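Dropping the structures in below, format is structure tokens.
Each of the two complexes below includes chain A, the first together with chain B, the second together with chain C.
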Partner chain A sequence: MTNILDDYALISPLRHRNNWLKLAIVLFGLLVGVSSTSPVPPLFIALCMSFTTIALGRAPLKIYLKLLLAPLGFAVVGILIIAFFSGSGQELLSFKLMGYPLSVRKDGLELALLVLARSISGMCCLYFLALTTPMIELFAVLKASRLPEAFIELSMLIYRYIFVFLDMALSIRYAQTVRLGYSSFRRSLHSLSMLGSTLFVRSWEQGDKLFLAMNSRCYDGKMALFEVHRPVGAPELLLTSAYFFLTLALLYLTKNASIV
Partner chain B sequence: MIILEARDLKYAYPDGTVAVQDLNLEIKKGKKVAFVGQNGSGKSTLFLLLNGTLKPAQGEVLFHGVPFRYDSKSLRDIRKSIGIVFQNSDDQIFAPTVYQDVAFGPANLGYSKERVETCVQQALEQVGLSRLKDKPPHHLSGGQKKRVAIAGVMAMEPEVIILDEPLSNLDPVGADEIMDLINEFNQLGSTIIISTHDVDLAYRWSDYVFLLSNSKIIGQGTPVEIFKEPELLKKAGLRQPTTLEIYHEIERRGLAYGRNSPKTIPELVNTLKPLDLMWVDVPPRVREGDSLNIGVMYGEYATQSPYEAINATVLHIHPNGRAIVELKRKGIKAGGVLIYDTDNYSLPEIKQILEEGEIAFVGAMGKKSKILAEQNGLRLDVSSGVIDKSILMALCGKRCLILTAGGMVDHAFKRIKEYVETSGIEFTVGVINREEGCQWLEEAEDSLETLKI
Partner chain C sequence: MTYYVYLIFNGDPVHIMEGFLPAIWCIVWFAISIPVIALGIYKLNKLVKEKREILPLLAVAGAFIFVLSSLKLPSVNGSCSHPTGTGIGAIMFGPAITAVLSTIVLIYQALFLAHGGLTTLGANVFSMGIVGPVLSYLIYKAGMKAKLNFYFVVFLATTLGDWATYIVTSTELALAFPAGDVLSFAGFLSSFSKFVAIFAITQVPLAIVEGAVSALLFKYVIEVKSDILVEMHVLEDSVVRKIRGLSA
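Our next item is the complex of A and B:
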């Protein structure tokens, strides 16, 4: 079985909490993160979100760190460039690389740290959502946000069949591999194109079957969506308010502070 | 009463392939019907015709004597009444969660939210999947997916349920659970139609069989009638059921009584001749062919039940006064099968029964009962083919307890009772925690002396 983020979200205990509350927390984190002028509040948000995801949401730590590592790689490359090539003011560090002078200045470093903190906090917020809220919980949210019915229905069907086709693709690939379909580059290209075309034909057929299946259960052009009612509990509300308050206080206190 | 009928049906696919032709059939209400044929013999197409998905090129299909009409309102009524479960569950389950998939049908029927809720709960409970209702289908096993598909159809409360190859790709326990479920619906009054190429299943399970070959019905009748005709089976590209084949072989060797058609292993066992020969000393005046009363035996001499009254027929008398006799055993204190309805479940009661009732063998039927047993640490000796195994154990003088619920209680009771009646071998069978009570626990006090030999 393939491990995807959705699988972790499905077994997370936070899955059964109110979706809107989780969305509010994420939105709040993202907004505060980008509006902060100091790296401290975003880092605080990142810390809180990671704690919630791992301690309360029971996401495996190893997977979580691995997940963070991928975008962090890009972020680090980006901030190195920012640190060396932008800003003015006091020179903190300078050296020569193959004759070119390189230097880190105060403003540049501060900007780099801010960007790093913001991107980490943004990632942590999104991973919190991804690891605690499976797609199936979000359909109700989509519906409440007045998206067209057809769009929601399609997304529900697509969600379901992603996994059917994923299984199909994996088994086709396996069948090709055991008959040496990927033994050379040329073979691989050929096999891959065959896999693609087969999947296309199969999905076409699946569409026919789907129509049949829906029809035989009296489909009349509307797929009902049943939302599970999940009231917000007092502890969650308290915890969230405390978190909001602390973050806002931190945002206010670090308004003009500089850490370098 | 005939619920579903087809007259002179013909259907050809757009490319000209004839899938069904000259097809006439009548299906009676409340029956278990099997369509048997090779792959590609037209079973699946026929099913799509029977639920109005395909429109026949010629002929008509009648439901309760009224011909199908193919406008959308009539089709809706037909599809509500005739549910179909596809061979591949992935084709059938399309909603992102189990709950939503099962709710799809009832919601389309325009039920109120509360009614949909009860329908779905009930259906999920019946198939034993209530705990998995928020799971996405791709996290389920093959057997669980099949049960979701069945629940989705059941939630619409159809009169007829059609299942296309219900047991393909299932492991033995999963297959058994599906059959238990199907039998339960049948017990509750639904007409069940399945297609299969598993002759053993069709022979054992169905009330009526249609043999299909090359898009035509080439034979129909009760399974006993159909499966005793080797020519017909050959024409359909099928073989005889295993039990029947074994029976014919042992019958040909004179080891079983003739003219039977055993469907299950208990029935097969019942046809066996008691070929128990023994040397005994006989009084001088006994002749060959006489009957001797040997008395009551127990322990290692009683092979089938704890105590046996044994009569012997003298086959041959040796000059030295000893004779060869054929033993006829009759169990005095046979075993029995107790059925426990887990709808009114209490753990202390079961524990008491297990302790005091000398239960040697415990089985569970239906997912719900199995889960219950697992949760309470009750050890199950068997979880598939429960009824047959219990009968076999009871025949050997053991006492069995079957944990089950709902319609399966009646189904199991009926099957075992039927066996007792047709075989003439007495053993007790009863449902414990229903109003009638259980005679057996009281009878257990009876001593041997009261039994006539």
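Our next item is the complex of A and C:
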């Protein structure tokens, strides 16, 4: 699961586009998404982002839908429950305990739809970034930003070691499962703690080795990164500005609209 | 109601999802979190300048927290849940460093696993990277000073830290979605009690399990390589000897 997203980003054709432009698009989508008061602009953003990710970014449709469906499944459950609640009256007293204020059900439904739309659009924006921009490209952006050096170095090293330790954790877990380490609750507790402690000891040793290896290669607290210069093309610029303009227009038009 | 259902089925109610908080609350939580992170980075910079070997160690520590938090905990009531891992981080590395590490870890979780999000990062950092670890650290320090059993202190620190995290998350959600139209104290309280009650179903047992796992984790580390903990000033040499049953 973890390296899959980054793997798709590495082979995506949008990888070779300007990183700043992509980041701007994502941040714009996120900000408009959370500040909109109607579900329409977020849904529009979600649609545009999904289209870009699949059609232009060549993310496999099946994987993309699966990724989206994970949280969307819960959304549908939520909507169904709301519909069920607004249909029935006061007699469902036990459900009131669960926290549904029956008196404001129109507001509640509207708010629910809005939060749902915002979440979907947020997910689409994040997936757009995750599926078209490998982390390595983002590091170049981070370097160019004025964030503290140590923070960026730390992020890069953490990124590298996440995958090393994930592999380690998975193989330990596999070995434990084969030996029935997760056959009961008690055993699972012990197995998981053993896994964690081994991981900790090994990561500590790895840290020592890493310091030695980097020091012997003259590491001075800065890793040089090569940033490819990628000018923004006219079609991209045009498309992006059209998208921004349309979204802002929608945001303005639906400012006071209510759909329920 | 949606947000309750949403978060429960997500199995991961500690991370507030992308797009869940309205813009104003995103800003508020960022404004609260950023100074703390800045302080952490300042401390980090100083530490790295003094001892250069600390950076690789912190990096593996961050990766350790990430991997730990992506492991599935043994389930008590059928919900799928992950440890936060920040309690252990706070005990081992102190709260300031843990705040920086968990910020990086949360960004990666948002980008790789779609756990949490970028606009809700400030809120998540505040609950998982600041309040939880600080409380865990304080409890750990106080417990060790009171000469309580080490494993019990670790258990207590992790469990209470997790509960603090979940209570802060509930507060954040209740402030953003209070009962009634405008934010009032009564509306906040009514909404807060609902969030807390519903999260309790998964979070109360989960925190206890994580506490137990953390205590056992330390037990195994002490059995295998106790000198690391001494070196990191987590434990005093005499305490380790006492735990292992050796004469001082």
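Note that the second predicted complex is superposed on the first by the 205 of 260 C-alpha atoms of A that agree within 3 Å, B and C clash if a C-alpha of one lies under 4 Å from a C-alpha of the other, contacts with A are read in each partner's own complex, and residues count from 1 in each chain.
Keep this in mind: a contact is a pair of C-beta atoms (placed from the backbone, for glycine too) under 8 Å apart; a residue touches a chain by one contact, two chains touch by 3 or more.
Nothing here was measured: the structure is a model prediction, and the numbers come from that model.
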So in the superposed three-chain picture, is A:I136 touching just chain B, just chain C, both, or none of them (first/second/both/neither)? first
Quick one: classify A:L47 as touching chain B (first), chain C (second), both or neither. neither
Give one of first, second, both or neither to describe whether A:F226 is in contact with chain B, with chain C, with both, or with none. first
Using the touch definition from the top, say if A:L253 reaches chain B (first), chain C (second), both or neither. neither
Comparing the two partners chain B and chain C, which touches a greater set of residues in chain A: C
Given the touch rule stated above, what does A:F185 touch, chain B (first), chain C (second), both, or neither? second
Which of chain B and chain C A:L210 touches, first, second, both or neither: both
Check the residue A:A144 against both partner chains and state whether it touches chain B (first), chain C (second), both, or neither. neither
So, A:A55: does it touch chain B (first), chain C (second), both, or neither? neither
Using the superposition on chain A described above, determine whether A:C218 touches chain B (first), chain C (second), both, or neither. first
Let me check the overlay on chain A: which residues of chain A are in contact with chain B and also with chain C? 6, 135, 157, 159-161, 164, 206, 210, 214-215
Can you name the residues of chain B that touch chain A in the complex? 48, 51, 53, 76, 79-80, 83-84, 86, 88, 90-97, 99-100, 103-105, 107-109, 116, 134-139, 152-153, 156
List of chain A residues in touch with chain C within their complex: 1-2, 5-6, 27, 30-31, 33-35, 42, 67, 70-71, 73-75, 77-79, 81-82, 85, 98-101, 104, 107-108, 111-112, 115-116, 118-123, 125-127, 129-130, 135, 148-151, 153-155, 157-162, 164-166, 169, 173, 182, 185, 188-190, 192-201, 203-204, 206-208, 210-211, 214-215, 221
Any idea which chain A residues touch chain B in the complex? 6-7, 10, 134-136, 139, 156-157, 159-161, 163-164, 167, 206, 209-210, 212-220, 222-226, 228
For a test of understanding, state which residues of chain C touch chain A in their complex under the given definition. 1-6, 9-10, 17-23, 26, 41, 44-45, 48, 52-53, 55-64, 66-68, 70-71, 73-74, 76, 88, 100-101, 104-105, 107-108, 110-114, 117-119, 177, 179-181, 191, 194-195, 197-198, 209, 212-221, 224-225, 228
